[in-house]
Amino acid sequence: MIDKELPTVAEAVADIFDGATVMIGGFGEAGSPIELIHALIDQGASGLTVVNNNAGSGEVGLAALLKSGGVSKLICSYPRTAGSRVFPDLYRSGRIELELVPQGTLSERIRAGGAGIPAFFTPTAVGTPLQDGKEIRTFDGRDYVMEHGLTADFALVKCSRADRHGNLVYNKTARNFGPVMATAAATTIVQASEIVDIGALDPEVVVTPGIFVSRVVGVAKPALESELVAREVSYP
Amino acid sequence: MIDKELPTVAEAVADIFDGATVMIGGFGEAGSPIELIHALIDQGASGLTVVNNNAGSGEVGLAALLKSGGVSKLICSYPRTAGSRVFPDLYRSGRIELELVPQGTLSERIRAGGAGIPAFFTPTAVGTPLQDGKEIRTFDGRDYVMEHGLTADFALVKCSRADRHGNLVYNKTARNFGPVMATAAATTIVQASEIVDIGALDPEVVVTPGIFVSRVVGVAKPALESELVAREVSYP
Amino acid sequence: MSVDDNAVGWSRDDMAKRAAFDIPDGAYVNLGIGIPELVAKHVPEGREVVYHTENGLLGMGPSPVDDEGDPELINAGKRRVTAVPGASYFHHADSFVMIRGGHIDICVLGAMQVSEHGDLANWSTGSPDSIPAVGGAMDLVAGANTIRVITQHCTRDGQPKLVEACSYPLTGAAVVKRVYTDLAVVDIGANGFQLVELAPGIDFEHVRDLTAAELRPLPN
Amino acid sequence: MSVDDNAVGWSRDDMAKRAAFDIPDGAYVNLGIGIPELVAKHVPEGREVVYHTENGLLGMGPSPVDDEGDPELINAGKRRVTAVPGASYFHHADSFVMIRGGHIDICVLGAMQVSEHGDLANWSTGSPDSIPAVGGAMDLVAGANTIRVITQHCTRDGQPKLVEACSYPLTGAAVVKRVYTDLAVVDIGANGFQLVELAPGIDFEHVRDLTAAELRPLPN
């Protein structure tokens, strides 16, 4: 029988190893798998490369993971958040490497990684400093940058409902990077606000089919980054 | 106000011009927009390049369009259907050009066309005759073929429910090529078994957002290719 | 004259209203963060415009009152928003299919500098201690069909933002077609900056003096 | 001996059952048209296997009885099927993300020829008057993690299908890992064809004589 459910977030992230590449879903706080991230901080893996659209806020969730010192490189489109000091401090003191990727190129690189496409061409960033060092090629008279697919050892994803096969549906704009990251990681670890019986999700509305999911853990009332930040919580 | 609904299939396909490239959804009969195809036959455009996974069956729908003589080229992965003579006769007598594309490469080329990606690399067809004449490139020690994005002047798509914005949901495996073709055509024409009020489709379950759709026409009880073929119907 | 002293010229809302006037019925529009966000409030009567936000929503509605709403229903600026009837959610790669694939009709962005060739700089000063952050801006300028800019004509310290060549790192080259400022509406064509309209109480010479490139006057 | 005269060796169902025995619990599997379709009927007790069909369904169940069912719920062979609890529908590009992206654990295909290097030919005889049709076969062999083949050991007119080099156009080079025939199970490794198991009543010499390449016997 296929049962991808694990009882705790700690067990779900137990094998994330030093030096792993970890994709983390979320755009701002929407879709951020904060309990999985906190479990990863507790677990203590170091030298991680993290892929996320942002760099977190306050001192919880992604920002707390960065602050823990476990992340050596961030692949990201927008590491600037009002009021957050964690990433700027690490960046300015040279303690973290940043690979800045335009948001659409980032999401497409992740999709390509999950789709077995090693490289593709995009018009994004042509004529800008972010094309530096990349191959430029002309198709039909327009210039394009060659970008490479991006894969990961692990993906941490938050969804609203999951079943034991790992079929997922999301909540509103919390969907964002989750579905593509789930395809691009060797091991995709999901926290679901609710785990439902097999067959309870209509096959027409499943967003992430279970084939892309390795583990599911129920987190019934996930914390909200903005609420923790407003309460000035610092994790751990 | 945005209202993409047109009253008849004839009006929906009226401006398809001679020499146009027309993507037609469907995998076998599932998702085949048979009423739109018949309207296109009646309209009489010629010299068309048609993109479809197959080549139709019997003498209705896609096979009837081919038989009408309006199609000069077919881009396709599997133009073989038990019992169908239309395409084999055209092909063997040199009256139609065939571009044979592996099914996954075909769907990805269409997605790329809709996504503004002019080219990508795929491992599919490496070492086979279908790589002939194409650029081969090695990434991480494995060879890949460069394939180009595919766009069209028109797409003909069948769905189950649509609203006046052109938001679409599909029925089961009739979804197949519809969503990607809708993104890749300058004008996407949809036949929907039901047109529902705006807001009736849950935003979480819309498969094709209206931005990709130009026109919607209601076809309440679409014909089934297999039933027409069983009754030996020949269109027109 | 201090440019902050906007006794004359257009207010932020005026600029947004003027930009909204140019958006046709039925358009699919992406609005950048800042003044561009105000455009959504000023859709002229009788038009239906669909707003796209790159974090996965087509059919974005206004922010909920009293900051209610769902913290997982936000726009690209991470502000809580709503979804209108006819909306749809999708993942990031699909969202950028809409952008890169040329399906967004109009994108209205903010700017740090715009050149007479239509080059846009709006993501980085290039200063070594700034945190570089690009978001979706480069994808939008490369993919949306028409790029327009809303910006104050000059910076807070009076430097022109309409220039011969951008000194800041580019977001995209030759992408901007029209600029709405507090002083004027300016088109960018093969001949550079072309005045289209002056804000009330503003004369051509004033705008010309605050533009660091040739500005062609209104045709007679 | 005529190969059609299968008094000895495995039947089509036996071959499918033998292939099903090698599919572990929890596997995601794509089955080609023909004998491979029969594999789904023979999942050993206690295992749960998820079937993928490239036309957009994960969690494919058996064909409905009496040809009932929905004509728009079909498999890649265009036969009506069902969806099991836990199934999902998706479009073609997403379906081939699963295939090309290496998410399908096992794919079982039919074959016209298999070479000792694992080359597979199963889409065209190369005859100029045949209608070329490739479908998803090239994507499956390039993308699925493990490619296995079920085929009669010889063609209807007695020609070996296991050969030194395929004479037909390839579907993929060096892709097949294991072949199930009516006579034997044969692995393909660095040293070519390696016998794994003989069908009841079949001896090594018989299989060897019907194999047009070196066949290594069972290890002692």
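As written, the chains take the letters A, B, C and D, and residue 1 is the first residue of each chain.
Here is the rule we go by: contacts are C-beta pairs under 8 Å (C-beta built on N, C-alpha and C of every residue); 3 or more make two chains touch, one makes a residue touch a chain.
Please read these numbers as outputs of a predicted model, since none were measured by experiment.
Visitor: Give me the set of chains touching subunit A intersected with the set touching subunit B.
Guide: Of all the chains present, those in contact with both subunit A and subunit B are C, D.
Visitor: Counting only C-alpha atoms to place each centre, which chain is farthest from subunit C?
Guide: Result for the farthest chain: D.
Visitor: Distance from the CA centroid of subunit B to that of subunit C, rounded to the nearest Å?
Guide: Those two chain centres are 36 Å apart.
Visitor: Where the CA atoms of subunit C average out and where those of subunit D average out, how many Å apart are those spots?
Guide: Here subunit C and subunit D have centroids separated by 56 Å.
Visitor: Just how far, in Å, is the C-alpha centre of subunit D from the one of subunit B?
Guide: So the centre of subunit B lies 29 Å away from the centre of subunit D.
Visitor: Do you know which subunit A residues sit against two or more other chains?
Guide: In subunit A, 108, 111, 115-117, 122-123, 170, 172, 203-204 touch at least two other chains.
Visitor: Residues touching two or more other chains, restricted to subunit D: which are they?
Guide: Residue numbers touching two or more other chains: 57, 83, 89-90, 96, 99-100, 142-143.
Visitor: Can you give me every chain pair that touches, using the contact definition above?
Guide: So, checking each combination of chains, I get A-B, A-C, A-D, B-C, B-D as the touching pairs.
Visitor: Considering the complex alone, what residue numbers of subunit A touch subunit C?
Guide: 27-31, 53, 77-80, 87-88, 91-92, 98, 100-105, 107-108, 110-111, 122-130, 170-180, 207, 224, 226
Visitor: Mind pulling up the subunit D residues that touch subunit B in the complex?
Guide: Residue list for subunit D touching subunit B: 53-57, 70-74, 78, 83, 89-93, 95-96, 99-100, 119, 129, 131-139, 142-143, 169-174.
Visitor: Under the touch definition given earlier, write down the residues of subunit B that touch subunit A in their complex.
Guide: 108, 112, 115-123, 137, 139-140, 142, 144, 148, 169-170, 172, 202-205
Visitor: Quick one: which bits of subunit A touch subunit D in the complex? Just the residue numbers, please.
Guide: It comes out as residues 1-2, 111, 113-117, 163-165, 167, 183-184, 198-199, 201, 203-204, 206, 209-212.
Visitor: Once bound in the complex, which stretches of subunit C touch subunit B?
Guide: 25-26, 28, 46, 48, 50, 52, 57-59, 83, 85-90, 96-104, 142-143
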